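Here the chain labels run A, B, C and D in written order, and each chain numbers its own residues starting at 1.
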Amino acid sequence: MDAIGEDSFILVYRDRRRRWLIRPRDTPKLHTHLGILDVSALVGKEYGATATTTLGDELVILRPTIEDMVMKLARRTQVIYPKDLGLIVVNLGVHAGSRVVETGTGSGATTALLAYLVQPTGMVYTYDINPEFQDVAKKNIERLGLSQFVTFKVADSRLGFEERQMDAGVLDVGDPWEVIGSMRASLKPSAPMAAITPTTNQAERLVAKMKEEGFVGLETVELLLRHLEARVGMTRPSNIMVGHTAYLTFGRRTSGMPQPL
Amino acid sequence: MDAIGEDSFILVYRDRRRRWLIRPRDTPKLHTHLGILDVSALVGKEYGATATTTLGDELVILRPTIEDMVMKLARRTQVIYPKDLGLIVVNLGVHAGSRVVETGTGSGATTALLAYLVQPTGMVYTYDINPEFQDVAKKNIERLGLSQFVTFKVADSRLGFEERQMDAGVLDVGDPWEVIGSMRASLKPSAPMAAITPTTNQAERLVAKMKEEGFVGLETVELLLRHLEARVGMTRPSNIMVGHTAYLTFGRRTSGMPQPL
Amino acid sequence: MDAIGEDSFILVYRDRRRRWLIRPRDTPKLHTHLGILDVSALVGKEYGATATTTLGDELVILRPTIEDMVMKLARRTQVIYPKDLGLIVVNLGVHAGSRVVETGTGSGATTALLAYLVQPTGMVYTYDINPEFQDVAKKNIERLGLSQFVTFKVADSRLGFEERQMDAGVLDVGDPWEVIGSMRASLKPSAPMAAITPTTNQAERLVAKMKEEGFVGLETVELLLRHLEARVGMTRPSNIMVGHTAYLTFGRRTSGMPQPL
Amino acid sequence: MDAIGEDSFILVYRDRRRRWLIRPRDTPKLHTHLGILDVSALVGKEYGATATTTLGDELVILRPTIEDMVMKLARRTQVIYPKDLGLIVVNLGVHAGSRVVETGTGSGATTALLAYLVQPTGMVYTYDINPEFQDVAKKNIERLGLSQFVTFKVADSRLGFEERQMDAGVLDVGDPWEVIGSMRASLKPSAPMAAITPTTNQAERLVAKMKEEGFVGLETVELLLRHLEARVGMTRPSNIMVGHTAYLTFGRRTSGMPQPL
């Protein structure tokens, strides 16, 4: 059984919009407009049960998934979505034992997911030029108990990664074309990489650079996620939809010298 | 270094449409309209290099990713896409050590990805009512070297899963509402599940049943993937696009008794 | 030259979100958070010019298009979008002289566009079971100067339309399948019709009924409109997007008796 | 009653993919793999009826809509879709009496729709630098009986349009930014225009130029059309979908001098 501890994360769930991610030690009482929830009383209980607020409202006590955690982190400085991360980790084949190089760290949301997947024997090497960002990310990763699977480096990844023979790479910087040379040197021959870019101009410039550096299997895609309101006799797509998050560019390093185009 | 062996999978890559997934022992010579490739000569070489056909055409020798393998398997009897699998595995938090229950096995494409992610300490319990399907899937999983992470069961999952305290569940059957009771009994309280259904009618009926059985956090979504042709000065989305694969429904089991609606 | 009169509609335009549709007689002074605009001073001026508020802010004085007018009307009780109306009027071939039957009138937004297109020799026959709705719609159509191209009828269209040999039909009611018999009797053989339905269930039931009544060329579609933020070096789709408005079902009446399916 | 004549267009309809647009004089016998249809025997009959081939197959005899005609023309040299044309004509408010300037003519598909809408008192002025294109377009417009509503001009629209005080403008050329000056001079102050461009780069450059020339209300959008297969109990979006046709950019001319950005 998974009993709730003082330092366990809890997702207090009412509906898609009303959800709180807390820990009993930090938030012994949760004040909501649905009443107050006695969080400390949940310690020792099992996840999945219902708890009642002082106003009599029932809330479900869930064990947060890594997706809940990542989305919580992401809300601060980055926009990264499970739909995009999902395609990236499947296309890159990130799993137990993978060694992955990433830049930039940002808030550590992507880093957290990668670390979660490479445990217990892999490692994520994450670069950011901004030491303050990495401090935030480091704390986030620590709180998730994933620190031993992440190596943080404050450095300019355009000047190179120190790691070699990486299984996969993730680029989430504004000028990813400047890091393709570093990525090429760091990846194992044949290894895949992914880059996240909001604009078409970035994707355009990035793909040209990847071709120059001999990457193959180049694909740039975007994912549109739409909710379906599935209700008996009244099913329809949601009115509300996110129109764009980012373009995802994938490719694989080759061992040959870069080819003239 | 990853040297190619007689039984290693090789992805011979020319472009997005011309790619072959083979093994030297099975296919010592690869006959293509670009000429013949001497595959047996690649044994002992490193992935990532280029090889030349008898007609002088250059092909890249890649190490297939799990995504390449899964898509290859999927082509036979199932339609399942990396975009959908990616969101599922991220939302379910499948990783090393996860214990996942799945029905139906189908060609084993989804099973293969789940097994890949739960290694080295987890297990995928996969049910199919059709023993012939499972035989195909079993061979596929064996060829991928993932057999020790999969337990195959020929059984009607509507009658129940034998496993308890599962970390996550995946439903890919035509009548998923009939399996929600079984899924509820098998999942750990608070654990997430995903169901894959092509029609709106299935999603509608499924969601109603999940509510009845006390699942929360219900969401039905679809993902539209669009390629961007990123070319300097001529960037545009691709004309060709898949309009629909499936609706994905997510939810989490609660420990309380099912609530009247 | 198109001089602005006391009763002319004016679109005061600042940007996509800050726009006001007014008439000098109704709104001699326009109070905005950008300052006050002396609207009565615009009388006699030409459209297309810039006017300055008391706070020195420049606003453009545009002549509203029919689309501006329709969208303004639509905001009250109906959700209808130019993207959907555009496909409908092109598929139905609505133009000068067309005789179109419509139910329900709603706020008259669709009616207004149809009337605008059928002038100077056509007619829109619009039915609504609710007399209060039609009163609102009537006033809207009058203000637009399109009354002579619209015949309003308060009646239950499920019991039949009085008109025969109509060139086209538009259905925007909750139970369009109940009106297909009426529509069939009212349309010219071979004439096209369109129905607007928010849910998949409605579309499903409607299409089945249209087949029963011998309609051919059946198609149900949806249109997703996405904005592109086209800015030099920073082009990207907008984050904000409407996820769903309605399904549009098209078909053509045949003259034969309904066929058994 | 609309009786079919020797020169009437007929849409012989079997299903979405099997449809033929013919005239009795040109095609007295229609040879299809469903048998031969005696088209000359349809003369004097009414549209909407069914006719039987020599193999006993039933085909529906429809009166083609302007959309059928436009799509038929479009198949030759241009890619233009009803979804895009619909939004354009609604946003531009094209209707009886409108005076519209267009470049380039292409195959005349867009021209045909515009002419159909501006009759009986409006005019479409259409420019193309290529006299051979215009010859094809001219014949197409003639066959549709719309010649008196179109003025063809073989000229380089970058050097200017001869018309002034136009109600609306449509640009469908590869370098629309080069024609914005001409368009500005030709449009009535406050009048709307639309431009059709396949790439993001074109939209980017176009919008920058429109800003420079004092256009306001700038919007670039794309429309994704998806079919819904509405079938009782098995409703789902179609697998097949067009991923991209074009970006549509809208704006309105102002009367003021161009503003520095």
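What we mean here is this: a contact is a pair of C-beta atoms (placed from the backbone, for glycine too) under 8 Å apart; a residue touches a chain by one contact, two chains touch by 3 or more.
Keep in mind the model is a prediction, meaning the values are calculated, not measured.
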Quiz item: Both subunit A and subunit D are touched by which chains?
Solution: B, C
Exercise. Sort out for me whether A-C or A-B is joined by the greater number of C-beta contact pairs.
Key: A-B
Quiz item: When the C-alpha atoms of subunit A and subunit C are each averaged to a single point, how far apart are the two points in Å?
Solution: 43
Quiz prompt | subunit A and subunit B, separation of their C-alpha mean positions in angstrom | solution = 20
Practice problem: Please list all residues of subunit B that touch 2 or more other chains. | Solution: 200-201, 222, 226-227, 233, 235
Quiz item: Which residues of subunit B touch subunit D in the complex?
Solution: 198-201, 222, 226-227, 233-245
Quiz item: Which residues of subunit C touch subunit D in their complex?
Solution: 2, 13, 16, 46-50, 60-63, 65-67, 70, 82-83, 85-93, 95-97, 113, 116-117, 119-120, 188-192, 200-201, 203-208, 216-217, 219-233, 235, 247, 249, 252-256
